[in-house]
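A quick write-up on the structure given underneath.
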């Protein structure tokens, strides 16, 4: 049991921090431009695919540096020539635009790289078990992912709180017009933040690709979860995104680890059920089975009872 | 006789800042009441508090003796208080005709009906046409409201507010940004449309205020410093110091 | 999201005949279509179109009419389908007697019930919060559909048989042509009902709330309730569409309520034009055609749909219908004729460019996906070698020359457009 | 280059004219499977195998009856039951009477149902359905129908063979079952519990887990659980990305137990698993690859690889299905699906792998030898995904299906 808890905790944190790399960019973008970027996870996918292609020719480490930059540049282009243009049609159109973009990027990825899973592997020097605990390996690559995620988190924190750019960004979040009047080029800041947010997503893709698989559906699988995180954490709140990322990461690993079902609960109260009833599926429902829908349940509950999210202070 | 609107110790704060700091005000039935005051005095906030857009932080608002504090706007509207906005606030993609009709539907008791065909409701549509006639937009009635000129939109704004026949009408700077001739037309319109009803208005144009109002209240920094007839307000030392004086210097 | 529809003038002034004319035309069209496209595939495609027309219109009650962006509308469609197919099975098992052709009513009812349940909390706000709740509910339902096998039948779904139960004039709906007329009948009735809904106080207020939710509160309407009413109605009609789906395919599966279907209906409505009542109809027809015909000719049809969608969102937010409606002014002034030549002049090079781009994509796709050494491919009946330089030169020439000529024709088109939209007599400053 | 292209184009033109001239003499077979979308890899690979088999084993040998050729026509169903029905309608509209499908039991269920309804309603326009890969046992049990023939072994037969192997291994004491949460995953789990219980009651099932299909991003938590359960063997019916993810997580966690699978090979999976699954992943399947069972098969396989270097013969049963269909037509001298179906019932056939197979008449389930193979890079003659890794058959069970009689199949045969 100790083993299970230890590894679930570790895995939960790895997943959570990975999710945070996506969620942080999404939250920054949202708080500045008020756009929930549906295509954010698509940039994550692009990161993985770019890194895959680069890794074939130049190796993993080059991909680690170059792919996020490429993705960031693409993000900047999308902001400059897509989002900024669509902005004139209003918020709903922006949301639909990013939705369409997500659809399009998936098609383009399939067009360029094909539909099957790509054999994108972790670099060989990281292919060893870092330590063994109760006979179970903890792969070095996971530790590497952890390290990168923490590094990014600290860097973000420092940039936002300590640097001039960070101050301008914070100002632009709260008072875009005022910041513009003070002589800062707000559209440029927007483009920059969008680009950096996408680059972060790309970086997450680069390091997640070998671990979680590089395939055309990878954006879809992760996309809505990241959405859930930024909403649950509170739109526009980085702290919230951080807490929610860890929460969702741990929730998902522990829900799988703990094998309890409704039936167990009923048995505590000595209630039996009819095995043929239409609700039979409800009674035999187990925690691992519903693990993937827990985030959405959380999302709906949060939106109903606390529309600002855990740490947020604005609703839409 | 109960007052049409009665404010008692009304307060509103946003975070640590108190914008409305204990306002007592009574507007009699049938009175035309103007609220004036320097920029940032809290006039619009006061309007929002009365009409239900903001929740009050303290004190109470009564309409015909009934406490309406913190009711949602639509409840307040149904109790007979209708308002216009300082920044034009219409339904831009709908035609002028439909804009006005939206202001009439609830009072004609259609509620959320999905079994009445709206174009077949003779009385409703006739009344709508009348209101449009009154605000002088008959020739423009099929145009989307969003493409009207500014003055036309202001007229429409007043039309929507007044269409439902609410007995208390609140107009927030109805003539703001208008030219002289437009202002004159607007005053005539307001006079016509508020005939026999209670009117509360915020207005910067002193000409309009002294022309229209039966009584005037002066709001300065969230407090009413005077509430009296135009004549007395004009002569009040306190008001002149606090407000008119400053205005005159400009 | 501009509504340029001629928001109908009070009908008092309008002769009854004129109001009814489009509907009579619609009715005749529905009757006549199977005689024009009588093939099996034609019928099947039209059946699908009919279902999607209802579904897309019901979606537009949210997005276009009520300003609610939903990412989970398939929930009501799917549930309607499941409910209907279960009732089909009850009829088949003789549990109760009910005419099969009225089955979609059950679909509508469950759509309505879920609309009421979910609408009661999701319509509190519009905008992003509503969109997020709809997304969450959609994902939740889609995931649940694979867990609750008793109702959703797991991955296989639930199948039924539409030929049982009391017959209508000796027809048991075994043949596609019968089901076509059944769907057509439902399409006619529901389209009319949805149109009429938009002409009721609730429908009008939905528009008002979409335009300016706050102001609606100051004319006595609770924005939440207005949205709620639209939401429920929308759920009802989506459920009917789901019921027709069940009748047509005799099977309902998890995919009927998953995110893909929700995305598809958004796509249909938006491409068609959400600002117009007929927009989603146009969208459903175009999308079904793309889906069933384009996919026969090319593997990468979804790529084209994606490009079309993104371009629509960016440059033509009023959708295809919007493009058509842009011409009403010129049409009324009988000046559309002046646009024909300019359109031709820009259309031909533009078509060449598009052909070039499509050929470019197809050729690359062919090179990547075909068998090694298989370089022969055919496009639109032209056979060529995907590795030959000539083919590439032709393709690039099409793109470059077509693009250049298209660009060069833009000014003359703009001029022509302005002339065509200028009133012939100098009344007051017309133009657009 | 220029010359080559000219030749190719003229060859294509010639083929086209030949085709139009012969159109009346071709028998079209609709291949309804995902040819686009996320599952296209398996679908297109099957399509290529079907075309190749029709070409090599039937057309090159003179076709059927009096020289009629088979033509495989691809219909893309995007792995959606709904789209499959649309494609079925199209195929019927084009006058096709034979359809083939394999990917997803959900789709197969929809198709067999639709085919039955179609044949009931249009007795003059019959359709025969050859299922080459959908293995949900229900398709030949309670949902069986006369027009459906299955050429793959169903999940229970495969599980019977698999558990024979497990039962023979005394070192296995604890088994962990994990699968996708849908009919097939459940059938695998139920079969495993049943047969292990019968054959080795001492084996403890330490885990019986269903996870949502296609939604799991990271299988590490599952691997952790499997590791914690100290299982000696793992059984899974996972396919596609779920198989890759699971295999990876098991490898990363350092779990050394054998993994018994249904679909952990080819279409990119072998390549992705690579070294991490060596000697660990075992596959239960029909049709052997390594060592090549016969020279004829080896030549056939190599010819296929020459034509399609990127693909593999992952589903040899496709070839069996087509040849048996051809044989039935030759036997009856007819292309009438009703007659052909009658002939297929009980038909015996020796495959080019040298195996004797029989189409069981009661439920239309093909009885064939089942192999258990291991994923390795040693002794590989014919590798998968050009990765150097492939399947080496460890054991072949010839009568795994005899133990599994049809149950609940009440077939209505047309009166004639």
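A, B, C and D are the chain letters, set down in written order, and residue numbers restart from 1 in every chain.
In this section, a residue touches a chain if its C-beta (ideal position, glycine included) is under 8 Å from a C-beta of that chain, and two chains touch if they have at least 3 such contacts.
In UniProt terms the chains read A, C = Branched-chain amino acid ABC transporter permease; B = ATP-binding cassette domain-containing protein; D = ABC transporter substrate-binding protein.
Quantities reported herein were computed from a predicted structural model and do not represent experimental measurements.
The minimum number of touch steps separating chain A from chain D is 1. Farthest from chain A in terms of Cα centroid separation is B. Taking each chain's centre as the average of its CA atoms, chain A and chain B sit 48 Å apart. One simple way to say how far apart two chains are is to compare their mean CA positions; for chain B and chain D this gives 75 Å.
Between the Cα centres of chain A and chain C there is a gap of 32 Å.
Here the CA centre of chain B is 43 Å from the CA centre of chain C.
Multi-chain contact residues of chain D (touching two or more other chains) are listed as 36-37, 181, 212, 215. Among the residues of chain C, those in touch with two or more other chains are 1, 143, 147, 300, 302, 369. Residues of chain A found to touch two or more other chains are 114, 289, 292. Interfaces, counted as pairs of touching chains, are A-C, A-D, B-C, C-D. Here chain D touches chain C in the complex through residues 1-2, 5, 8-9, 11-13, 35-37, 44, 48, 76, 80-82, 85-86, 89-90, 92-93, 104-106, 109-110, 113-114, 117, 121, 136, 181-184, 186, 212-213, 215, 307-310, going by the rule given at the top. In the complex of the two chains, the chain C residues touching chain D come out as 39-41, 44, 48, 143, 146-147, 154-157, 159, 161, 163, 174-176, 245, 249-251, 253, 255-256, 292, 295-296, 299-302, 369, 371-372, 375-376, 378, 383-385, 387-388.
Considering their complex, residues 36-41, 181, 209-212, 214-218, 220-222, 224-225, 227-228, 241, 244-245, 248, 252-255, 267-269, 271-272, 274 of chain D touch chain A. Of all the residues in chain C, the ones that touch chain B in their complex are 1-4, 6-12, 196-197, 199-205, 207-208, 210-212, 214-222, 225-226, 229, 233, 275. Of all residues in chain A, those touching chain D in their complex are 1, 3-4, 7-8, 11, 14-15, 114-119, 121, 129, 132, 134-137, 139, 141-142, 211-213, 215-218, 221-222, 225, 252-253, 256-257, 259, 288-289, 291-292.
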